[in-house]
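Letters A, B and C name the chains as they come in the text, with residue numbers starting at 1 for each one.
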């Protein structure tokens, strides 16, 4: 019975909204709002086929490459800066300024420096998405429980072992928060880099549709972007639950105490 | 087995220990002058009024705090950083265990980083967990266990490590009385079995008498050793009978009086008293 | 009588004052190093000057802009889109969050819809904005409001979920109406979360405002950056980018200060993320 109830909660509002949408557009010939059925058909026609290979996959590929590089670089640099005190003091004001620059403005700048190619788009993603990861890693690496630090010292756990068993796990909740934010920034930047300076990709295609007033096609592109966002979010949540299951357990134990 | 009971050299030698804290609001002399020796295999308790610098002393001995002057020697070698032959059990058990590791992995970690081979590690971990009666929860996480069990894990970790000296910083202060009694007996049984030298800091007078062969009473800050009390109780102790012995009550009232004195005695007053009596 | 041998020695005070000054100096040194590198790289020819103008060139253009009223007009447009969008989305999100959060039924019923809509990047709405509003501030507002709304909403929902059930039930047993309960129990608990949401949303709002201007061409600094880029006015473009950075820093500083003063009475012990 509870599974039925859960399903109703999960699907109730969405189903109601879709029904409303369908009902409102039954007789309409609105230019801007496609009918649900029409949208589904367009989605299939446009995106399952050649465009999948020429636009969808390259975009997703660049996004993936950008995010992976972001996470690795962000954690590496963040761990370095967080653990070397003078380095942190040296770079702090500079980093505060650099991360305050809205990442989209770097698109024309990077176009100028790198040109209009895949590298530029990946660098654009990194340039904006790295900040939450880097700064959160810095904070996470700094704020390790002193009792744990003393425990490691008294058992002479140092060097690489200390990183592997103390610092990185301790900072991981903070890092995951940063990574979550960088996922959404990365996606935004992927789209912007393709809308602004590109001749292929999801962003470019959507703008193309809009300029040609191919409205259902435009909406289908928006839906695809939305789906990518959702898939990223789901992947992240699955990964987070695995990596941080100890953290959730710990917090729950503390709350229930 | 690590310590040599026939040796006459003390396992732990503290001479003229002085510790001054420098902070934004000024310098605080936490410890003025501490001098004592711990013989191999002794179970020594340290008591004193709040703020007497007991934890500071333990951290200095453990090599976790730098000292202002004086010497600390472990088996003849000066302590400048945490020595390999020492293990510490902290009061905050919840924060001294790694929450991202299972009980088993927590106990295993110091051995792993020391390079102990896998098979031997598994055996030592199993033995240690059995010694603290936690053989049934190796794959649980620390936060799934009660406070007393978490402290047992910390003790198991120290036991598996096979230190020459075990330092314990008020380990049972945050645990309920019933659990504390069980843990006290656990410490004595481990001490008997392994023959390890133990330095046990506590604020609980009864506990210090029940556990120790010797009790060091510290003065208030700036701290000196106010008195070194030998505990005259049988080696085999149990919660019910031992605590009812007349020797126990005697020791308790004696140390209690000492603590009361200690609350108003500091390194300054003892120095003043000394100069006065010299007249 | 026990006395502490502690005097606030002059040496100690001096030591700490020196420490603070040296870290400020080190931080400034970091910026100086960056500027020196920025000056050296194009001048040494490591990168062509027409792609990366020297720092002094850019700073010169930047100062020129500061005396240019049309620059300030553009900046004003950006801030208008930012401010209006942030205000509307915050109010809407707080209202929605309080209502949804305080009803178990609504929370469960809306969960999937929120989790579905929230990861949709607001840039996906750019074509729609172009169709509906064209190159006007309303386009910027559409994007800003959509993105900022979710930031604040999520935080408000966290905040309401954090309300101590004991306190809430106590209020109910005193027969406090829903509005009173929200005001005296829910609101103080949710306030730190709301401030976090506003902080995150203020950064997001700036990003989306600039994005809309950059790509759609609604009035503002982003539009100016796009114009300088297409007109090959490279140092000017860099100068404008610098300006957006300063605006970003200013927003961060102001919001943090506001957050601190609003929450001065509230000991917020949550381990928040940095951004």
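Keep in mind that, in the parts below, a contact is a pair of C-beta atoms (placed from the backbone, for glycine too) under 8 Å apart; a residue touches a chain by one contact, two chains touch by 3 or more.
Note that the coordinates shown come from a computational prediction; the quantities given were computed from them, not determined experimentally.
**Q** Most C-beta contact pairs, which chains?
**A** A-C
**Q** Determine, using the mean of C-alpha atoms as each chain's centre, which chain is farthest from chain A.
**A** B
**Q** Measuring centre to centre with CA averages, how many angstrom lie between chain A and chain B?
**A** Chain centroid spacing, chain A to chain B, equals 50 Å.
**Q** So, what's the distance in Å between the C-alpha centres of chain C and chain A?
**A** Each chain reduced to its C-alpha mean, chain A and chain C end up 18 Å apart.
**Q** Taking the mean of the C-alpha atoms as each chain's centre, how many Å separate chain B from chain C?
**A** Using C-alpha averages as centres, the distance is 50 Å.
**Q** Under the definition above, what is the set of chain C residues touching chain A in their complex?
**A** Residue list for chain C touching chain A: 23, 26-31, 33-34, 47, 51-52, 108-113, 115-116, 118-128, 130-132, 203, 206-207, 210-211, 214-215, 222, 225-226, 229, 234, 237-238, 240-241, 244-249, 251-252, 271, 273-275.
**Q** Could you pull out which chain B residues touch chain A in their complex?
**A** Of all residues in chain B, those touching chain A are 59, 62-64, 81-82, 84, 86-88, 90, 92, 95-96, 98-101, 109-110, 112-114, 141, 143-144, 161.
**Q** Name, in rising order, each residue of chain A that touches chain C in their complex.
**A** Within the complex, chain A contacts chain C at residues 9-14, 17, 32, 86, 89-94, 96-98, 100-109, 111-113, 131-132, 135-136, 138-139, 143, 173-174, 177-178, 181, 184-185, 187-188, 191-192, 195-196, 203, 206-207, 209-210, 215, 218, 221-222, 225-226, 229-230, 232-233.
**Q** Which residues of chain A touch chain B once you look at their complex with the stated criterion?
**A** Answer in residue numbers: 145, 147-148, 150-151, 153-157, 161, 165-166, 169, 172, 246-247, 249-250, 253-254.
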